[in-house]
Structure formats: structure tokens, C-alpha cells
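Read through the structure below, which is laid out as C-alpha cells, and then see the notes.
Chains here go by letter, A, B, C and D, matching the order in which they are written, and residues are numbered from 1 within each.
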Amino acid sequence: MKKLRTGVLGATGLAGQQVVAALQGHPWFVVTALAASERSAGKPYGEALRGSGGASRWFADGSADPSVESLVMGAAPDLVDADVDLVFSAVDREVALEWEPKLAARVPVISTASAFRDEADVPLLLPGINNAHAGVIPTQRKMRGWRGFIAPIPNCTTTGLAISLKPLQDRFGLRLVAMTSMQAVSGAGRAGGVLALDVIDNVVPFIPGEEEKVVRETRKILGCWGDRFEPAPLALTCTCTRVNVQDGHTEAVFVATERPADAEAAFEAMAAFTPEGLAGLPSAPERLLQVVRDPFRPQPRRDRDAGGGMTVTVGRMRTDEALGGVKYVVLSHNTKLGAGKGAVLLAEWLTREGFVGGPA
Amino acid sequence: MKKLRTGVLGATGLAGQQVVAALQGHPWFVVTALAASERSAGKPYGEALRGSGGASRWFADGSADPSVESLVMGAAPDLVDADVDLVFSAVDREVALEWEPKLAARVPVISTASAFRDEADVPLLLPGINNAHAGVIPTQRKMRGWRGFIAPIPNCTTTGLAISLKPLQDRFGLRLVAMTSMQAVSGAGRAGGVLALDVIDNVVPFIPGEEEKVVRETRKILGCWGDRFEPAPLALTCTCTRVNVQDGHTEAVFVATERPADAEAAFEAMAAFTPEGLAGLPSAPERLLQVVRDPFRPQPRRDRDAGGGMTVTVGRMRTDEALGGVKYVVLSHNTKLGAGKGAVLLAEWLTREGFVGGPA
Amino acid sequence: MKKLRTGVLGATGLAGQQVVAALQGHPWFVVTALAASERSAGKPYGEALRGSGGASRWFADGSADPSVESLVMGAAPDLVDADVDLVFSAVDREVALEWEPKLAARVPVISTASAFRDEADVPLLLPGINNAHAGVIPTQRKMRGWRGFIAPIPNCTTTGLAISLKPLQDRFGLRLVAMTSMQAVSGAGRAGGVLALDVIDNVVPFIPGEEEKVVRETRKILGCWGDRFEPAPLALTCTCTRVNVQDGHTEAVFVATERPADAEAAFEAMAAFTPEGLAGLPSAPERLLQVVRDPFRPQPRRDRDAGGGMTVTVGRMRTDEALGGVKYVVLSHNTKLGAGKGAVLLAEWLTREGFVGGPA
Amino acid sequence: MKKLRTGVLGATGLAGQQVVAALQGHPWFVVTALAASERSAGKPYGEALRGSGGASRWFADGSADPSVESLVMGAAPDLVDADVDLVFSAVDREVALEWEPKLAARVPVISTASAFRDEADVPLLLPGINNAHAGVIPTQRKMRGWRGFIAPIPNCTTTGLAISLKPLQDRFGLRLVAMTSMQAVSGAGRAGGVLALDVIDNVVPFIPGEEEKVVRETRKILGCWGDRFEPAPLALTCTCTRVNVQDGHTEAVFVATERPADAEAAFEAMAAFTPEGLAGLPSAPERLLQVVRDPFRPQPRRDRDAGGGMTVTVGRMRTDEALGGVKYVVLSHNTKLGAGKGAVLLAEWLTREGFVGGPA
């Protein structure tokens, strides 16, 4: 198979670097175009990542491939004109609002930005969790007159929650979910990132906008798509906090179920959960969801890299008699599954389903 | 007023040091007897706190007074025989089980240990929150044939939760509470303390025994005492985690109320809360409970020392439509209000109420 | 005594807030004018410190006085015109280069900025360490035609080093100093501050420009002023690193002395050190320099607040046979002694010496 | 080649686990006997690593192989009787003093303990750095009447320092070295490990015994072995501190050289350094020593895993005019190169050199 030519918008940012890292050596995709702000345009990618005094500004794992480092960067308009089969967009909401539609007019856009997640004709896809939602893509194309489309991934705090809730929803039904997150600092990126001053010996009990995203997105992901999206009818409440952790969002979840559930049954439901459609995708982990019995796990430092950062880990499963359901702790890697590598997994799934790479 | 002669059991431990620190310069109490393990017996307190090479093993704020440093320590039996008016006990559960009854046979024992908290004739007092529970003390004395009594303070994670729930219980009634704690490492003390290895860049999602204590103790504190204890009829569920914070337990609380509540009414209820019986007690803060509007607060590092570590701070008050009630974040200092200084406040209240210092 | 009317340039920044905090309730100075960027001009100080959603942007200890919060802020030109007796400048190097001369044309300027520290007619004063250097001030005034003058405090990493070296220089003479710093994150402020991403579970071995400052400034401070500055003739080398600490710079120092020194003699020299001219200054600590025998001290968290953050603590004094001298560890508070409160101490000293507040 | 049967003493400790982890899937060695304290004896290794409630006490990377988990553990005497070709010892100094000689009477013992490092007939080998020191082994065997021998690895803080100094010694000669370490918490293990209480927002400026080890061991490693050990004639001084880092010791090094050196020449000397005898050893990294130009590196979190944790990284190379030499920062992984995996590398080298596995 000829590799699909791939562009990355926002390639110098932390999320963009994660996308580039996830695409290195990829069997299906090859990066052929990179874009970021005007400041970087015209420079080779490797040079754009070099700070003063030779400091490296590459913060993803490993190092960038020489073939990618030598790619001369463009600005957003150059990417609109580029001869690519798909584009990853890893930019701020405002940039996404302006440029993702222009890109989507020509090619599929897989986005880590929140700009279009709530649109009625845009799916919020987690492969293996809500595959049917891709059914809205032809509508999106038609309504907007685009040859491509926009497919965002969810907020990184939503991802682990939604994946862990899915088998409980299937088995017991969900009535109420109350979640408290303890989020890593990497989620905030470098520009406007979390200051050390604010998290040393500390917890910050507020992340602007985060709780609203988790509520809206989780209900959309777990909802139905018929001819329109019907959010899942669960009551969902949450508090999002920032803790002194590099990578990996930890969430304490209390669930009231529709039908009786206890710890053992919920454990089994999660252990038996086999998401459809992931087998054979290059970035898919052996298990999307694992559930463990060691009461001291999951821990972000020890478990975030399970499955190459693509496996969600659940532990501390307990019957919750107060709520009538179960309670547990879930952990997922916010910059791998929850950002760059998760976007690549979605692109892989869309490719195999025929949404990417075929004749428009 | 002549100062009451005061003994401290477990004086070399972290909690015991906090008690000693809280008693320094105290207007009502003077430390006259200190006890710890056999290893320390016979040494001046200052020497018992000196490690090899002259290292100080005093970890409370400031430094120990010379008058206290020169006190020659005894072991537990010495404290039983000592001529004191009251004893603070800051020892492990097992030591407490053995020695607190022997001490209580003669004098009041204010304890930070969990050993007797669940006994039917032992109150779990938070001055200003459940003063009436002291009514069980005469029963305890009579039933056990003691001249003194045992009065434990609650677990440090329970304290902030119970204080913040009290005005909501009074105003709206409590139906269900779901709480996730992010606890500081100092709660675990030094012997068997939390290893740096386990919390650097990490969250540990389990603290053995903690969740059961929070549930039992909160329900007891918020319950009634008539001729026996009736736990508060609220459903309570929680997950307790350890985070990379020195001092100060942060708790995200979701509350379903009996009667309609919203953020503003709950804020007002907390702001208007005036606990009875604290005025004039030397260790009482100006406000036992404060509620703030800055959405980024409370934070453990910035707020734990409010009111000298004796003020509980609540923030992020929001209406919770999912649960039918409110949600908020509460912070309290686990080794001040939640341990040493909180025990001293209880002793002060018991003294003014006539339970300590008078003829038995 | 009538209080001196005091202006603060850069009042909303972290260093400026430290100055404002140090001036609250000050017996000699009263803040009457505040200035920062154009964005804040026209707003009351309290409002300028309020972020979105009511978030407080006050990061110094305690809270700002209502009298200061209600002061309407100006921009730099307003401060030039303000009727004040002295100005504290806590701005970036570039802003200082432009505005400090305009301010100094009229009034004394005490600065935390590095802009003028290396000028031949500008003293780098540490009261008690190099008081004679103030002798250059009349020259500065005359040469530049200013009614006021510029008096910067040293870089925060230099301060602890220079103070700890002074008694060794006096007693033994200094031949060579090799220093490695482990610096707190607060030194970098909030704008462009250290990201949590960069220091969690990490050490950053480089702080741009810092090492050069330490070398130049330490030699200037410990040098002589006759009719010009003669840097101290010691060889000085250093490596400056950033560690995961909030406040307090720790420095490991190796010293080769001119005359024989050993640990005990150096300990005594430091213990006996009595800086001249500090007695009676409101911000002066009881001891500017303390030396301790506990081998595990100094530690930033436990010792930075000694003397209200104004005492430098030295420990681990050892004879250094390899170098022919001694080695030790020194700790000082970088945002108190090393910034805001240190600037106020300098202003106090200059006032008592007649450089501030009298007729020019 | 038939794999050599390998025993591990102290297999349940942190260092022992690192050894076991480094031996999993090893092409030359197979673990056939494990021993630890009496408490573990008789249990399968996997069970000995299980704490209460199913908690895992395996803290090395990945997980233990089922074949190793099922090995029934013995105590030290069982290992003396076991039919093995070599033993790794990862126990405390006291246990090593007692048991390593008993083991060495029969088989080669590769040890992470400090017990025998300073003995006149015991080499302190770093393969590629001081291979000739193995020449003492026959003497050791003969003098002590052992069929085996004891070969300890150096202290983890010494390792990175000695390796980085070697090319400078070869090229320029070493006159004086002053080093300050910023050490990770994992070096202290779990039993008696560093408390979170002590390093959160903190630096601890003292590690008992560490500085003496670094001085003695570095001089021994860089010294000569003829018919006896002649320590390198360099003056060496150091201060060892503990910082809030999980893994990876960072050291700031100042070096006065015998012959003129500058940054560029020293950089070249390190870049060109090719240790002899490592090629083909399974645990040898591609480069034992790498030197980088990015001024913000090395950083423990970003660089400790270079070469699978076996590569030492040097950065910030600068000419040191004060000392007459160079200064730099060096980083090495304290539990990989500096402990378990480093011990395995030494065993590999000894095997290829014929000291292990052949007829005694």
C-alpha cells in the first residue's frame, strides 16, 4: 500500500510534536507537510524546534527523524494548498475555528482541538467505543459542501472516563456518574502551561472550561447517532483538579447504575470488554481497557505507559452501596491516548473504514 | 488560673510533636510529663529528638522550648503514675488500645488515635460541630469505672469533611455525599511514612483503612446522641488518594441534599455558619470555616495555614444538578486542625465545659 | 517621623508584590503610588490583581492591605511625575534601562533589576556587608546630574553567597570559590516562569545569564571602593541549576582560602560575624547569617523563613583538604532577602544613612 | 553456549529486583536460585513480592517473568549450597560482610554492596574504564583460598563521575576535582528509603557516608593496579545532596587539569572516548559516555534512560578559568548503570574475560 501523504498543522506545539512522534515510521502514513505559525514558516522543522544556544524544543519521546527534521515548514495557508491525503490539526481553538474548515474543504482533518466537538454534524469518535457515530460524516460533507471532513478526538480527560464507562453502560446501564479528576500538567502544553510555582506541594482545584467539556463530550460519545446525536441520558457531574504529575490523568469515579451492579460483576464486564474494530490498526494497543486487582493501582507514573500509552487502566473496583452501583479509579495517558497517538489511531480507523485515502 | 499539668504520650512521634508544639506557651496547659517508647525513657526530650551526628528530629514548626527539651522522658507506665491533670495520647492504635484505658482510669485522655473512636460510649467530638456528644462522657466514666475518660479526635480526613457538611446538614439536610480526597503525605507520619519513591510524579489511589474511617466517623459526628449514638442517616461514599503534597488534605465533595439547595444558598449557609462554644478558646481560629469565591482556591499550599492551620476553607461551590444539591472543594490542615492543635482545641473546650481540671 | 512617600514600579509582578508586601505596615515608608504596564493603568491595584472569574493574582504572603488595594495605578510616566520620596523598581531589565534613569533624575530608586548593577558609578549594596560602597552615590548623582540615584540589590543567587563569604574573606582571605546552586522556581517569576513540565522529577542544569551575574556581582560586592570599584581578587566559578523547590536557593560552596582555615575556625568566624549598621532597621533580622551544626541542614523548606526570610543559613561546614580551605552549604530566601524584602532593607539603611528622604 | 546458572542474594529488595529485571531474557545467564531474608524463604518469588491485599511489591520496570516468579526462594545458606555458576549480591553492608565471603568461597560474587570495595585485594571494576584492575582477582582467590571471588560495583554516585573523568584523565591529567551531586531518591531503596516528607519542595544537603565513598572509590577506580592498588593522585572534594527526583544522579563537576584544557578539547576528548572491551557484551550500551551541546541538558528525567539507562550523559562543558580546567554536568542512571544492570554488565565482562563460568 502506498503511504498516505499527511500534513500536520501546529507541528511545533506539544500536541503537534506528539502527533509527529506517533507518525514516525508509521506503516500507513508519511508526513509530507508541516505547518505552524508564521514565525516558523520557511524553516526546516528541526531548526524551528531549536531554541537559543542550541536548546532543543522537542519534548516528545525519543527524537525527531532526520527526514522530518529537514521538512521545510509552511504556515496554515500553505497546508491548505498542499498535496496531502489527510491533515492532523493540533492547534488552539481559535486557530482551529479559522483553519480547520478551510482544510476540511479539501481533505479529512483529524483534530485534537475542541473547536468543532459540539457541532451537530461532527462526530466525537473513540474507535471501539462509538464507531457508529462515523455515520454522520457523509452528512457533514454534504451539508458543508466539503470534500473532506472534521473528526476531532475528545478532550483528554473525557477519553479515559468514556472508555471505562462503556462496558458498564452496556452491561448495567448508567444512571449517574460523579467524577473527580487529578490531572497531569502536560495537558496544558507549554504556551500558557502550568507553572511550577502553582503545583509544587499543591493541588489546583480548577481547570477553566474542563468540567463542561467532560460533561458534554462524555454524554455525546456514549449517546446514539441515528439521524441526529442523542446524548446518553446519564446525569454526570465532575470536579477537575490539577496535581503535581507530569503525564497521566487519574480519575475517581462513582457510578449509579440502572440495573444492579457490584464490584465483581463490574470487574468482569471491564475485563471482558472487547472493543470492535481495533484489531489490526497499527496504533491500537493489545487491550484498550485493562482492569487490575492490586489496590494501590493504577498510578500515573507506573501505569500511564501501559500498551504504549494507549491502554486505559482501571483499579480499585468497589461496590458502591451509597449510590447503588460501583466506584473505581481510572487512569489514561493524556498526551498519548488522549492526544497525539489517539488522533493517529482515529485516523487509522477512518482509513480502514474508507473515510480517508479513497477518492472523495 | 493555675495551669493544668499535662502529659503527652507518644511525644517523639510526628503527631506528638505537633501536640507539644501546640502546647508551647499555652495559657491554660503546661507540659509536665512526656512519654514515648522504652528507647527514649530516661533521656531529656531534647536529647531523644537528636539523631546521629546531631541531626534534629523535631519536625513541627519552630523549635521546642528549652523548658520542654529538658524534661526527662518516661515510658507509658511512668505517665500512668504521673501527677497530671490530663494526658494527650498521640500513639499508634495498638499502643492506644493498651495504654489509653490505664491512663483514663485516672485522668482525661485526649487522643489522636483511632482505637476507641467507634466505641458506643466514646464521643467523637469536634467543638462547635457536635458539642452535645459530650453528654456521653459521664456514662463512659460510670460504665468503665474511670475517674478520667477517653475523648478521641476524628481522623484528619474526616475533620474537614464533617465541618463543611455541618451547615449544609442544618440548612438543607443531607441525602448522599460522594467524596474524593487528595491527601498530604504528612498524615502518614515518619515511621512507615510515605516514601518519596511512591509520590514523585504520581498519585497513589489507596490509603488502607482510610475510607472506612471517613464513612463511620462522619456519620457518627453528624449523628445524634440521646441515650445512645444514632449515626446521621446520610449515604456516604468516598475514595481516598495520596498526592505529592506536604500538608493539607483537599477533598472534592458532591452532596445531594434533602431540600433544594443551590450554590448561592450553600455559600451563604457556610458563610453564616457560627459554631457555638469556640469563642474564647485559645486555639480556636477566628473562623472555623471560611468559604471563598476565587475559583482557583482552596489550594493546600496557599490555604492550609489559614487561621493558624485551624480554619477549614471551602471553594468552588457549584450547584449540582446531576445529584440535586451542591458540589465543592474543601481543604483542611491535617496535622494542625486534624491532629495536634485540634486535640488541644478539644482539650480546651472540655476544660471550659468542666470535664477537665475539676475534681473528678 | 513622617513616613516617606513611596512609589513602586512593576507593582503587579511577583517581585513587585513582594516589595508591596514588605512595605505593608512599614514604620518608615508608606506606599502612595503604584505603577505597572499600560494595561493596569487606571485600575485600582486590587482590581489589577484580579484575574478572570475573580481569581486572585496576589502571590505574596498574606493579602494586600485595603489601603493599597484601592490605590489607582499609573504607568511608568505617572510615577516619574508622582510626588514621592523614593521609588522601588521591580521590573525587567529592558523596562529598567528606560525608566530607572528618568525616575532617578528626581528621587532615589531602589531596584531589583539587573540593568545598572555593573555600572562603574552604581553600588551593589548589601547592608552590613559592603556599606562603604555607598560612597559612590554622590559621584553617581553628580556625574549624571540626578537629584536621586539608582541603588540595585544583587541577583538573588549572589546574595546568600556573598553574605556567607564575607566573614571568611575577613578572617582567612579568599583565593578560589567554586559554587553549585540548586535554585528555586520562584526566582523566575510568573511571566516566563518555570514550567511544571520542566522540573517535575527533574533538575535543569542551566539558567541563562545567571552564572555570569553571580561571578561579576560577588566580586563587586566583596571588592573595594576607593575612587573606583576594585573587584575582589578571588577566582570564582559556578554552575547554576534549577530544582523542584518553591522558594529558597541552596548553594554548595567550595572555598580555597589565602590563610589556613578549617571547619571549626570557619564555623566560629561565621558565628561571630556581626554585620555593622543593621541594628534598628525595621526589616533587619536578628541575625543576618546563622551557622548550624545539624548535618541535614540547611534545607530550603525548613530554613528559608528563618528571620522572616532575611537570615542566611549555613551548614555542613567541613574542612576541605583538597582545596585548602573549607566547604559548606548555604541557603537564602530568594524572594524575601533576595528580592522584595531585601530591597526594603536597603532602602531603610539608605534612609538612616541620609541618602533617602532628606533634601537632595 | 549453555547459560550460566545464576543466583541472586537479596532478590526482594529494590537493587535485587533491578538485578532480576536485568537478567530476564539474558542470553548468557539464567536465574536458578533466589535468596532473601528468612521471612521470604520457602515462598515462590512472585508470592514474596506480594503485599497485603494483593499489592505488588515489584518496583523494577515491566513485570517479573513467570519462570522467575515461580522460583521458590531460599535464605542465604541455601544459596551457599546451591548449584550455581555465579551469584549477584544486592544486600546491605552487614549482610554482605557475613555472606559474600561464604559465597565467594565457591563461586564468583558480583556485588552492589559496599562491604568489600576498599579491600586491598578487591577490584572496583568499571568495564571499559579500569579493566586492568581485574588482575587482582587471582591474588584475591589465592590469598583467601577461594574458588570464587568478590567483585563489587562502585557506589552509584561514583559511577557517572569516574566514567566522565576517565577521558579527561587520559588526555589532560587530573589535578583537582570538586563535585556537587543532586541525587535521586531511588538510590536509598525502600527499607529506610527517603520520605516524601523530606524532599517535597526541598533539598537535603547530606547523605551519610556518601561523600567518603565517592572520594575513595573514584581515586581507586582511576588509580593503577600493579602489584597493589595505587589511588589516582588527584585531589577530590565533594558535597552530596538529595533532590526531589525519582531516578538519575546529576553532578556538577569542576576539574583542574594537569595540562591545559578548554571546553572544546574536553568535549572532543569525551566524544572520542571509546572504552575497550565493551563491544559485544549484551548489556553494554552503544555509547557508555555521550556529550551533548544543548545547554539545558542533561536532565535526569529526559536523559537517564539513554542507552537503556547505561549511557552516561555529559553537558554544559565550559572552560573553567578560575580552576584552570573545565566544568561540566554529568548524569547517570543510579539504579540501572549504577546498580542492577551495571552489575550484570560487569558479570558479562568477567565472563568473557574467563573469570566466570570456566573451571575454577
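Note that in this section a residue touches a chain if its C-beta (ideal position, glycine included) is under 8 Å from a C-beta of that chain, and two chains touch if they have at least 3 such contacts.
As the structure is a prediction and not an experimental result, all values here were calculated from the model.
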Worksheet item: Between chain pairs B-C and A-C, which one is joined by a greater number of C-beta pairs in contact?
Response: A-C
Discussion item. So, comparing C-alpha centroids, which chain is the farthest one from chain A?
Written reply: C
Discussion item. From the mean C-alpha coordinate of chain A to that of chain C, what's the distance rounded to whole Å?
Written reply: 46
Worksheet entry | Inter-chain centre distance, chain B versus chain C - centres from mean C-alpha coordinates, in Å | 41
Worksheet entry | Residues of chain C touching at least two other chains | 53, 200-201, 208, 244-246, 295-297, 301
Practice prompt. Using the touch definition up top, name the residues of chain C that touch chain B in the complex.
Written response: 53-56, 200-201, 246, 293-297, 301
Discussion item. Looking at the complex, which residues from chain D come into contact with chain C?
Written reply: 176-178, 180, 182, 200-206, 208, 235-237, 239, 241, 243-246, 250, 252, 254, 295-302, 315-316, 320-323, 327, 329
Worksheet item: What residues on chain B touch chain D, complex-wise?
Response: 52-53, 59, 185-186, 190, 193-201, 208, 244-246
